[in-house]
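Common to both upcoming complexes is chain A, partnered first by chain B, then by chain C.
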Partner chain A sequence: MSEPNYRWPARDKRRVMGTRVNRIDGPAKVSGRGKYGSDINQPGMLFAALLTCPHAHARVRSVDIKEAQALKGVTAVEVMSGPGTVIQWAGTEVAAVAALTEEIARDAVRRIKVDYEVLSHAVKEEDLKAAGGRSKPAGEVLVGDPDDAFKKADVISEGEYGIPVLQHCCLEPHGQVVMWKGDTIEYWPSTQNVSGIGGDLAQSLSIPAANVHVRQDHVGGGFGSKFSADRWGVVAAKLSKASGGRPVKLFLDRRTELEIAGSRPSGFARIRLGARKDGTIIAWESQSWGTSGPGGGGVAATQLPYVFVNIPNKRVNHTGVITHTGPARAWRAPNHPQASFLTCCAIEDLAAKLNLDPLEVFDRNFQYTARPEVYRAQLRKAAELSEWEKLWHPRGQAGPGPVKRGLGIGVATWGGLGHASDCRTTIHPDGSVEVELGSQDLGTGTRTVIAMVAAETLGLSVGQIQVKIGDNRYPPSGGSGGSTTVGGVAVSTRKSTMNALQKLLEAVAPALGVSADQLEAVDGRIQVRGNPAKSLTWKAACQKLGVKPIVEMGRNDPKNPMGMISQGVGGIQIADVSVDVETGVVKLNRLVAVQDCGLIINPKTAESQVYGACIMSICGALFEERIMCQQTGRFLNADMEFYKLAGIDDIGEIIVHLDITPEHDARGVIGLGEPPVVPGIAAIANAVANAIGVRVPRVPLTPDRVLAALEGRRA
Partner chain B sequence: MKRSKDPESQAQPKGLSRRGFIRGVGLSGGAVGLLHPEGEAAPAPAVLGPGPVPITLLVNGKPHKLEVEPRVTLLDALRDRLDLTGAKRVCDRGTCGACTVILGGKAVYACSVLAIDAQGKPIQTVEGINAGGRLHPVASAFVNQDALQCGFCTPGFVMAAKAFLDRNPNPTLEQVRKGLGGNLCRCGTYVGIRQAVLEAAKQMRGGARNV
Partner chain C sequence: MQAFEYASPTTLKEALSLLGERWGEVDVLAGGTDLLSLMKDYVHTPKRVVNIKGIAELGGIRRTPAGLRIGATVTLDELLASPVVRTEYPSLWTAADGVRSPQIRNMGTVGGDLCQRPRCWYFRLGYGLLAQKDGTSLVVNGENKYHAIFGGGPAYFVSASSLGPALVALGAKVRLASASGARELSVEEFFVIPKSDAEREIALRPNEILTEILVPPATGVRNATYEVRHKEALDWPLATASVTLRMKGATVESARVVMGHVAPIPWVAREAERLLAGKTITEEVAEQAGKAAVAGARPLSQNGYKVRLAQVAVKRALLAAARGKA
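Coming up: the complex of A and B.
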């Protein structure tokens, strides 16, 4: 028999893929039975607490841990930032304590005396002029002849826009339970990188990666911030070892979680557009800046203009601003939401200046994108679903009364493909099926998708597949980043289950009196193609294996996706808001998301991804922002009262339209975690400008900023 | 952060009547558990601690004896001492609702109630309402409506929704939106949660209530 044909079954032949399946780990999660890393309790477990630095910039002179060590119930104290260490952001770990209870560990932390030489700090980046020596220009990108194009332009539109640093704010904080006993480590982290994080920890501890056993059933959010073992993982392991190998639980408290465990770079820009009267952009000029923390950074210079990459004449400058703030980590669609916001706001402002419908201006400029027809169709669909024709009005013409309604557009793109993934399928002689991957389910529905692909291939139901993920002893799968998980695990699962099926067909072929290639697996049976009368039940077929299970591997090779997965999607969102111009309060009426998505394995969880992404955008547009205090160098709102997230009553109505078409389906599987989180902030900001008649230059669109913009002040 | 004692635990060790409970409180969330009708004088508090003191918690119908320092929250007692980890610790200060349990019939933030103050009243956790491998109608509606992603906020939402539906068996969408305002989700599952609460209400009115 030749290599099986791994390609996805034709759309009309799929029995499981493409149906709406409840996530298979739902019952464990809703009942509280499912265990997250922070839920792990082990016999003899100790609790650890961290001492963190209150200064944004300081040199550690001395750390005195004697009194902490002397406290009854303390088993170990580790210094993490010893004398001479220069601290670059507040919240940096200085020491850690393990003790019998968390209360004792916290008491001990208070007894540690640290002497700091406090150094001068800078934690703000909103004003580029004030950045001075902290600026790191990235060099100019020049395309065409922007100076000449601006001269020829019928109109020049200029604006300044800004989007602050946001935090990941995973509800499950970063941390782990870890037990370092003898030369092996049992490790229960909160991670989006089950197969990789053990090696990371091992490297920091200079022990073989093979000695670290990682387990994680569930993870309470990651969004890009939970790939590595981090200093807290390393110190927890050391505390365990120093405590005679007892397991240690160390999870960050909320303040520390927000301060140091992940942020996304800010993006500010002054943008000039030169255009013809009909809205066609002929020149782009931008000076952007932002911060990723101590390294400068900000939104990558190459990201502007966003989506409209082929504008013929461009001058793009970017300056990273160094700040003494917790460093950035990848944040769901790195760079994209900020770049979408900056670009789409500039285009909306151009449309307003030309007195044109932005629908028309976006449409006209889609010629500069990689996929003009996809965007045009999506824009039409989004306009229809948002009742654009009925509800849109020229900027500022929302009519009388204090509550003004407006609509706005945001545009997105994203990559996809699949990470490296290995899968092992075991078909047991009793008919049970195990599918094992060292992957993780971030809440995206990965487990369920694996079960669906396996069930589809083997002709079984989802409930007959035992999906085993969350253990680094399973075949390795990549970390969940870049929306590459579904592509990776779908292909490896498909190949591995198909390889296993082929072995099964070979085993049962003699009993059915045909060759294996004349057999198929459908509806819980192995049958002669198209002839259910000549068949064996799945169970009876598996019994033919005698005592020996079938074990087969399958791999997704990122360099050779075999046409089963793809990359490159578009997405358009239209927001509909009402703004009270007396109070400045913005209310979201509706957010419409049109998203192309390739082959959708589980529309139910796929839609949830888009709903969730829209809600995250609403958070970013209206509520979320890290507020740094230059006086103290501290993150002022590092808690959940004032680092605001949207609640259930803040999100209006969300309409999700997955662009499921034969053409998109034929492209294969494409990840959906990131693309829909990109355009929402832009759409909402543009809707507010449309409603109130002026641009509110910076998000989140809090009442003070809205009122300031209305009064012509800078917020 | 409210860490005040709940006088009701002394005044009414048997728990509240349903009517008293409806009269006294708002819709959901932790602050609710700390309110008490005006005029009910709190008796002089007995001095306990600072070392571990023996307490008994009535969790999911069973008394549990444990020794905790008086400063230990109900949440930490449940999670660290009783291995009931369904209630999550997220903000640890009464903002997010991930730690919601039902104490004496009311949804409370378990991070904002001291374990010693939770004595004498029945405590229901998410494990309790889903005991025996059978999902409570609220929980199964969450699965059906895909009202969860990472699931870390979910047990808290399930408990808040149950307490809400116990008092508002026939809510409108508008009431659901207001009634579950005491819980936060980072993954953005609110669309599913709204539908799940409405579905559960229907189920429970139809007699599927199991607790």
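Coming up: the complex of A and C.
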């Protein structure tokens, strides 16, 4: 027989895909039966704690661990930053202790004596002029003739905007339980990378990757920060080995989690736009800067202007600023929210200067994007859902009273091509079905989507599929980053279940007196195509296998998407806010998210991705920022009290509109994890400017900044 | 957290006998919503912890001829559930409701709210109550957007208690017991501005337990609290105002105006109080009182906005009180 036709069934033929299915692991999670890495407890388990450096910049002169080792209950102590090490950010791990209890481990850590030579530090980057020798210019990107274009422009609009460093702030901190006994390691990390993290740990420990067994059922957030084994994973393994192979649990405390386990680069920029009277942009000039910590970094020059990439004349400069702060990690749509914010604020300021409706200005400039018609249609939809016509007013004309309402726009783009993924399907003679992948469910609904694709293919219901993920002994599947998971696992599952079905049909064909290619699997039966009368129940069909199950593989190869997956999505969000101009307090009334997509397997979990992303944007726009103190070099709000996150009452109404049309469907599956987190901050910042009549140049839009902008001061 | 001895007495007498003579030796444990964080961060390292939740006489809300008696271990939730508090002391009710976490309201006590330590991030990082390094204030030269705009120097933290300003405005007293007897202080006198790291921000002595709060009857007064908050969930107010107006018909006979989260103690706005006497509360009068309340503010480099917020809080609290019933 020839290779099966793996293509997705036609829209009107789908029974499972495209329906709203609850997460299959929902009950396990809400009941607490589902275990996260930090819930894992093993017999004889030890607890580990880290000693971290309180200085932002220092040289370690000596580390004395004797008193810690002498404490009763301590089983092992490892020095992580030995004499001579130069510490580049506060919170850096200096030593780790394993002990019988967490309390003993923490007490022991306090008995370690470290002598530091404290060096001078710099932890701020908001003011580029103050950065001096810490600046690393990235080189200029020049397109067309911006100087000439600015001369010809009817209007020039200028602005300065900024978005600070913020943190991943995973609800479940980074960490793991690990047991290094003999040659092998049992490893229960909190990770986005089940198939890959074992190899990473093995490399650091110079042991074969094959000797590391990784397991993880659930992960409490990663957002791009949980791919590698990290220094704490390596040290936990060493502590285990040094403690005779007893399992060791080491999870970061909240302060350390925020200080060292991930941050998002800041993005500041002075932007100048030259435009025609009708709002058409003809020239762009930007000087941006930001920090990713010790590496400089920030938004790359090539990321501005965002989305409107084909503006004909551009001069783009970016400067990375080196700081003694915890290094950045990929943060849900790396650099896109910052770039969207910088670009969309500049465009709305141009519209205000020209006294034009931003809808019109965005629409006109969509000609410079890769997909003008998609954005135009999305903008119309978002305007309709946000009641733009009724609620929008020219900037600053919100009417009387202290509470001013306003609307604003943000745009996004993203890739989302499915990653490499292998899947193994087993059909047992008793009819049970296992689908195995070395993937992970970040809370996005990956398990559910796998079950749905398998059920669709095999003509079964979701509940009849046993999805097995979260173990690196299953066939390898990519790490969950870049919104690549859904495309990857959907295709590998489709192919593997289809290959398995093919084998089943071949086994059943003689009994039904037809050839295998005349059979189909529908509604829990194997039947002659279009003839339910000539059929076997699924169970009866599987019995024909005798004693040997069918085991079949399937692979997604991103280089050969076969029309089943693709990439490239746009998105538009419109925010509706109310601002109390006496207090500067901003309330979100509504955030409308119109999201371009491909084939949607589960509309329910797809929408919930967008809801979650919108909530993250609200946090970023209104609340979140890392507050560094130059005097102490410390991250002052490394807690969940003054590192502020939205609660239910802070969120307002979120309206999600997914573009689900035959054209979108025909593109195949595209990832959705990241794109919806991109435009919200821009939209909210623009809505506030619209409400109060002036631009608040920097987010988060805290009362101090809003009042300062209203009073014409800098906050 | 440093290892400690734990005691859970059932009588006040026994509890008092377990206290220390110096700060740092023994800590009283009520709801633990603050103490546990302090201990985990090694800001407090008591050798002994005395749980007072098992002492029945410290609980309960009771109406007495002298007013309302609130036991120290009454939780914020219990306070909110009290119809008397809700209808007669809306100012106190609003302040308690402003603790925007159901878990903390469920565990946290009224006594604990008054005795809780400042949230100043330098204090919590171990730089001491005055937040000094090498003799200079980290606050003045550092990150001070949540710090004091009144009464600053050498202490710049803000009193964390939201109930404090409401109770000061209502003229409430606290009762403090020690092994040698009990004393009463007005809530106003209970809060003090420390001059050194060794002092405390409350007049409680290390050998005392706050046993109850006595709030005078609310007859003939109107009261309200207004909080300016950045965020609704799990956040501290940026500035609050609690007002109590003794009314004669539509005019204010006397007023108490107390601002919260703006100074190391609940900050009494005497200028505003004087201005309000004999006036009818109108939008304009409230506005003037707000201005008068903040006339003496001395903001730091990053907290000038709080002057504005305190002013608005006073205005809005007055308007809310005027709308309420006497």
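One rule holds for everything that comes next: the second predicted complex is superposed on the first by the 715 of 715 C-alpha atoms of A that agree within 3 Å, B and C clash if a C-alpha of one lies under 4 Å from a C-alpha of the other, contacts with A are read in each partner's own complex, and residues count from 1 in each chain.
As a working rule, contacts are C-beta pairs under 8 Å (C-beta built on N, C-alpha and C of every residue); 3 or more make two chains touch, one makes a residue touch a chain.
Quantities reported herein were computed from a predicted structural model and do not represent experimental measurements.
In the superposed model, A:Y368 lies in contact with neither chain B nor chain C.
Shared-chain residue A:E641: touches chain B and chain C both. Contacts of A:F623 after superposition: chain C is touched, whereas chain B is not reached.
In the overlay built on the shared chain, the residue A:V585 is in contact with chain C alone; chain B does not reach it. By the touch criterion defined above, A:Y611 lies against chain B but remains apart from chain C after alignment on the C-alpha atoms of chain A.
With both structures placed on the common chain, the touch criterion links A:Y6 to neither chain B nor chain C. Once the two complexes are laid over each other on the shared chain, residue contacts for A:G34 go to chain B alone; chain C is not touched. Annotation for chain A, partner touching more residues between chain B and chain C: B.
Applying the stated contact rule after C-alpha superposition, one finds that A:D649 touches each of chain B and chain C.
Of the two partner chains, chain B is the only one that A:N22 touches; chain C does not reach it. Across the two superposed structures, the residue set of chain A contacted by chain B and also by chain C is 103, 640-641, 646-649. Against chain B, in their complex, chain A makes its touches with residues 22-23, 25-27, 29-36, 38-39, 41, 47, 101-103, 169-173, 218-221, 223, 253-254, 442-444, 604-605, 607-609, 611-616, 619, 639-641, 645-649, 651, 654.
Residues 103, 106-107, 110, 582-585, 622-623, 627, 629-632, 634, 636-637, 640-642, 644, 646-650, 702-704, 707-708, 715 of chain A are the ones touching chain C in the complex. The part of chain B that touches chain A in the complex is made up of residues 69, 71-72, 76, 79-80, 83-93, 95-96, 98, 125-127, 130, 135, 139-140, 142-144, 146, 148-155, 158, 176-178, 180-181, 183-194.
Residues 1-3, 42, 100, 119, 121-122, 125, 127, 133, 138, 141-143, 145-146, 228-236, 238, 302-305, 308-309, 312 of chain C are the ones touching chain A in the complex.
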